[in-house]
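Common to both upcoming complexes is subunit A, partnered first by subunit B, then by subunit C.
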Partner chain A sequence: MEQGLTRVVAAPRLSAAARRRQLREKAVAGFISLMAFTGIAALILIIVFVAKEALTLFTDADARHEASLAKMFLPQEGRYPFRWQPVSDTPKVSMIPLFVGTLKITLVSMLVAVPMGIFSALFVAEFAPRRLRELLKPIIELLAGIPSVVLGFFALMVLSPVVKDLFHLDRPLNGTLAGLALALAIVPVIFTVSEDALTAVPRSYREASLALGATLWETAWKVVLPAAAPGILAACVLGFGRAIGETMIVLMASGNADIVSWNLGDSARSLSATIAAEMGEVVVGSPHYSLLFFIGVELFIFTFVLNMVASTWTKKVLQRLTGSAS
Partner chain B sequence: MKSLLKPLLAVFLLVLPAAAQAGTVTIKGSDTMVILGQRWAEAFMKKNPNIKVQVTGGGSGVGLAALQNGTTDIAMSSREMKKAEADKLRARYKAPPAQRSVAKDGVTFYVHQSNPVSALTTEQLMKIYVGDITSWKQVGGADAPIVAYSRENSSGTYVFVKDMVLDGEDFAPTIQTLPGTAAVVNAVSKEKNSLGYGGAAYAEGIKELKVKKGNEEIAPSADNIKSGKYPLARDLFFYLRAEPTGDTKAFIDFALSPEGQAIVTQVGYFPVK
Partner chain C sequence: MKYTTRRAVGLGLTGLTALAAFFIVGMLALILLNVARNGARHLSWTFLTQPPSDGMMGGGIFPAIFGTAALTLLMTLAVMPVGVLTAVYLHEYAPPESRFARWVRVAVVNLAGVPSIVFGLFGLGFFILFVGGNLDRMLGYEEMHWAQPGILWASLTLAVLTLPVVIVSTEEALRAVPLEQRTASLALGATQSQTLARVVLPGALPGILTGAVLAISRGAGEVAPILFTGAAYFLPDLPTHLDSQFMHLGYHTYVMATQSPNVTEASGPLYATVLVLLALTFALNLVAVIIRTRTRRKAASAH
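For the complex of A and B:
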């Protein structure tokens, strides 16, 4: 249909102005698609670069000896079975403390941020009077603009004594503190996306529900929230991605001790903070250097798998919702 | 376009031979000293634009090996040259290697200002950091757990403490690490059972620990570090194949000049002069 149209327009009797306009259209379209492909190309190049640097770990004999997969994931002999001490006479490169630390911190932050983000979005979208909504929304979104190093410093200086006394912990820097500080960073992410999803639910849903005699709360909880479920799920995934990759807050607030402990009052060392802390002075090309890139690959795989799972799940939820409606 | 090319060509013709003639001094070695070496090189090249100074790290051992192979002019080392290394150099180059102490490096341990403990022996510090001592009671303080902070393993101070205090052993897994001396000082000033280390720092809320040696308690003052009395200090060296001459000598003279030693203080080490 469109092709036919352009063919008609592209008849030989075309004025100079029209031809120029057509040329400009083409140039703009070309420019835009170039931009789009630059983004994709950058992403691919980053993946290739990171993977290439990490690959040395498996090809170089020296690195293979120093940091084999067994050394990374299986318990080692010695006083402590799992250690991350890459700068040592005999480097110890177990990833287990890093996994435990990352998951511990992410878990705490999600436990706090998911309910907080979703409920504040629900309040703003469904219950708040218009004036209050227009005040609340930009303020919460402003929270996303705070640089993470500032949040980290805030956690280190202000939050740490409070959290320590509140939970009666031995150490001021620990997984709980890092998780709470991290929650401050991801609440706005979850809030913004959830709020968009909630306001995108058609008005007719609410009107139908209210007309059937449901209260405001019943409408919000049983009709609007399920209808917005895919968007809210996407919000949580985005928040999780931000939490697992967040660096500065965790580096400042978690204490970074490489212990294997699920106790939330203990310190924790995360994957991303390890890269940030050690990349600065590492000898380029050394096994330690490749190891840090390998951590980067792991982080990438985590978020990639999570995104995949979440998108298939979202599809399922959507199917169920539309299926039950028809 | 052509009118632009001509001056460009002229500039090239002028610059190229100059660049080719310029002397180059290569420096390699201790990662602790890389930043110091680079600052010296920058300041030195600003004053002597026709001498190029290249600084690379790799570690003290790497630098000294490169000195033997002839791939570097100066080796930076945070330890004294071993006798075997010196003998090899002498045999190969028929001259005794030259040694210059160019800066001093020391580490200070801090506690919260309310902590009654004011001095610890190196042995006690080691036991705390490898995890054998976990309570302040074991070293004459209150009955409370020791919250010990360390630096990240990318830091020269981390390696220094590992070598000088821990005798090369690993830090215990319960030791928490923080990025930068400032973060350690802040954390120590907030927590009354804490212990941390770093360069010389002056901040409210913390107390510098003295190091006990025999019956004497030695404070980490600049004087004690310069005189070598404070046990947790070491010299940072430049090593050469022979007594320095020409550009190399000019660079070392610059490093030891008042201006060069001021850079040492800026970078966070202690001057030798």
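For the complex of A and C:
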């Protein structure tokens, strides 16, 4: 009996099978952790390999001459100070028209999508009856499931004549059309994130406000919306990032002219559409090729920064409202 | 202000928010109805099963359907194991407060925000030029073999693009598996990996499949990443090797819509192509959303 007791108390000695099992567990855990590294690796590889192809611009003497930073961003001599014509006898590589085009189109889309997104989120989160809310939320999110090439096609075939007549524009393809079509793509983003932020506001806020005699609208507008403000800002920032990077809609609907004009009826060329339109015909390793990758680096950096800002704000609103850092 | 006026103003503004919500729904319905009505007119068995002829005006789009399906299948094979295991790490294996897990999350969030055209550049720079170029050198090919656009590279590019979709859905599915099931399994003497393989993953399977469906729907519709990693406008032959180029519904739509000499004449086959593409992506999305809403409701009532 005594012997049996000491045997139990002594440190358990693992059988060979148990040791094998332990080893296998460790191997599985190690493999799974290794797989989890893929996400980080992908992000790093993306920036490294896009930047690598763009680097020639700064290392190669020919490329440096043809496309210096000054030529990209400062006005050039001649009749047109800003032109993007990388395939010509004297290549012109000013990125200003691309920046102006991108901003113009993005601005139009934000002007439409932000109020639409926030208002519909307010309706779904605050005013709609429960049954309607459960129906509306997935339906609006379904809009995000339409491929952007289909939205571009829709803009081309259906919206284009309507927009042209409505705003009395000269061209069928222009910045306004691209912006409106783009709004369709980013409304679901703004809606979803805003709605989540509004729903995260505790019930007690609403009850206190209503008890003090505020109407439903006043409660929603002056209590719930301010409480969710960082989350809603994050929604707008995310939508902005999506709008800057969206390619197919803009490529198909904007007309792609490299002009510097803030007129919304003019055709416009965006950064992303430029890559998509020109990468197919470019000579690998040429300055033009590196330039397109350089635009890719710019897009990556813009969206990366916007994403980080958005996720910080989302975290902030959750922290403030729920008191936890999840 | 009197309470009644305040209420009236509030009701008016509330109506405005309702208008915004229903306007979005209306636009969605308009797009779907427009495509369905105009597309159905030109849709036929021949259109679905024949290769194009007469400069895209006649015949069908079978190679594009096949190319899209093959591309998404390869993408799914690549993305599912990696995505699911990453989510498993984040939810089951990562120690609490793990710094590595936090970095993985940050990377996934940012990966989801990278513009799709940048994925295209990445596919070209990394998969085709770097991996493909080195493969050719190592395997001793004289001419380019792997260092050119092909279906394998396009599908791997899309796999990276859809990785966040799979990770997020799988994690949500894992969260829905009750903790008691894990503790019960562990208490019966099962190891962690046995619990994972026989209790947790089967329990999370519907959610994981939802993730797969969402990833397929997203991947099948993306055009920008495959523009220069493998899509071709006209190929009468189906892709037979991992390095063949392929036709794609979305790319087909883009080229036909922007480069046809006469768009009104091409609008029949064009609308039908869009309808097939939408049926593929949108229907899958619809299925995923319905399953997801149902599981969410079940999870909410279980707690």
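As a working rule, the second predicted complex is superposed on the first by the 269 of 326 C-alpha atoms of A that agree within 3 Å, B and C clash if a C-alpha of one lies under 4 Å from a C-alpha of the other, contacts with A are read in each partner's own complex, and residues count from 1 in each chain.
Criterion: a contact is a pair of C-beta atoms (placed from the backbone, for glycine too) under 8 Å apart; a residue touches a chain by one contact, two chains touch by 3 or more.
Keep in mind it's a predicted model, so treat the numbers as computed, not measured.
By the touch criterion stated above, A:191 is placed in contact with subunit C alone, subunit B being left untouched. In the superposition on chain A, A:157 makes contact with both subunit B and subunit C. Taking subunit A as the reference chain, the count of touched residues is higher for C when subunit B and subunit C are set side by side. Using the contact criterion defined above for the overlaid structures, shared-chain residue A:258 touches subunit B, although it does not reach subunit C. Of the two partner chains placed by superposition, A:129 touches none, neither subunit B nor subunit C.
By the touch criterion stated above, A:278 is placed in contact with subunit B alone, subunit C being left untouched. Taken together, the two structures place residues 156-157, 251-252, 276, 279-280 of subunit A in contact with subunit B in one case and with subunit C in the other.
Interface residues of subunit A, counted against subunit B in their complex, comprise 80, 83, 85-89, 92, 97, 156-157, 160-161, 164, 170-173, 251-252, 255-260, 267, 269, 276-283.
Of all residues in subunit B, only 31, 57-59, 145, 147, 152-156, 158-159, 162, 168, 170-171, 173-179, 183, 186-187, 190-191, 194 touch subunit A in the complex they form. Within the complex, the subunit A residues that touch subunit C are 21, 24-25, 28-29, 31-33, 35-40, 42-43, 45-46, 49-50, 52-53, 115-116, 119-120, 122-124, 126-128, 134, 136, 138-143, 145-154, 156-158, 184, 187, 191, 213, 215-218, 221, 238, 241-242, 244-248, 251-252, 272, 275-276, 279-280, 284, 292-293, 296, 299-300, 303-304, 306-308, 311. Touching subunit A in their complex are the following residues of subunit C: 3, 6-7, 9-11, 13-14, 16-21, 23-25, 27-28, 30-31, 34-35, 81-82, 85-86, 88-90, 93-94, 100-101, 103-104, 106-111, 113-122, 124-126, 129-130, 160, 163-164, 167, 191-193, 217-218, 220-224, 227-228, 250-251, 253-254, 257-258, 263, 267, 270-271, 274, 277-278, 281-282, 285-286, 289-290, 293.
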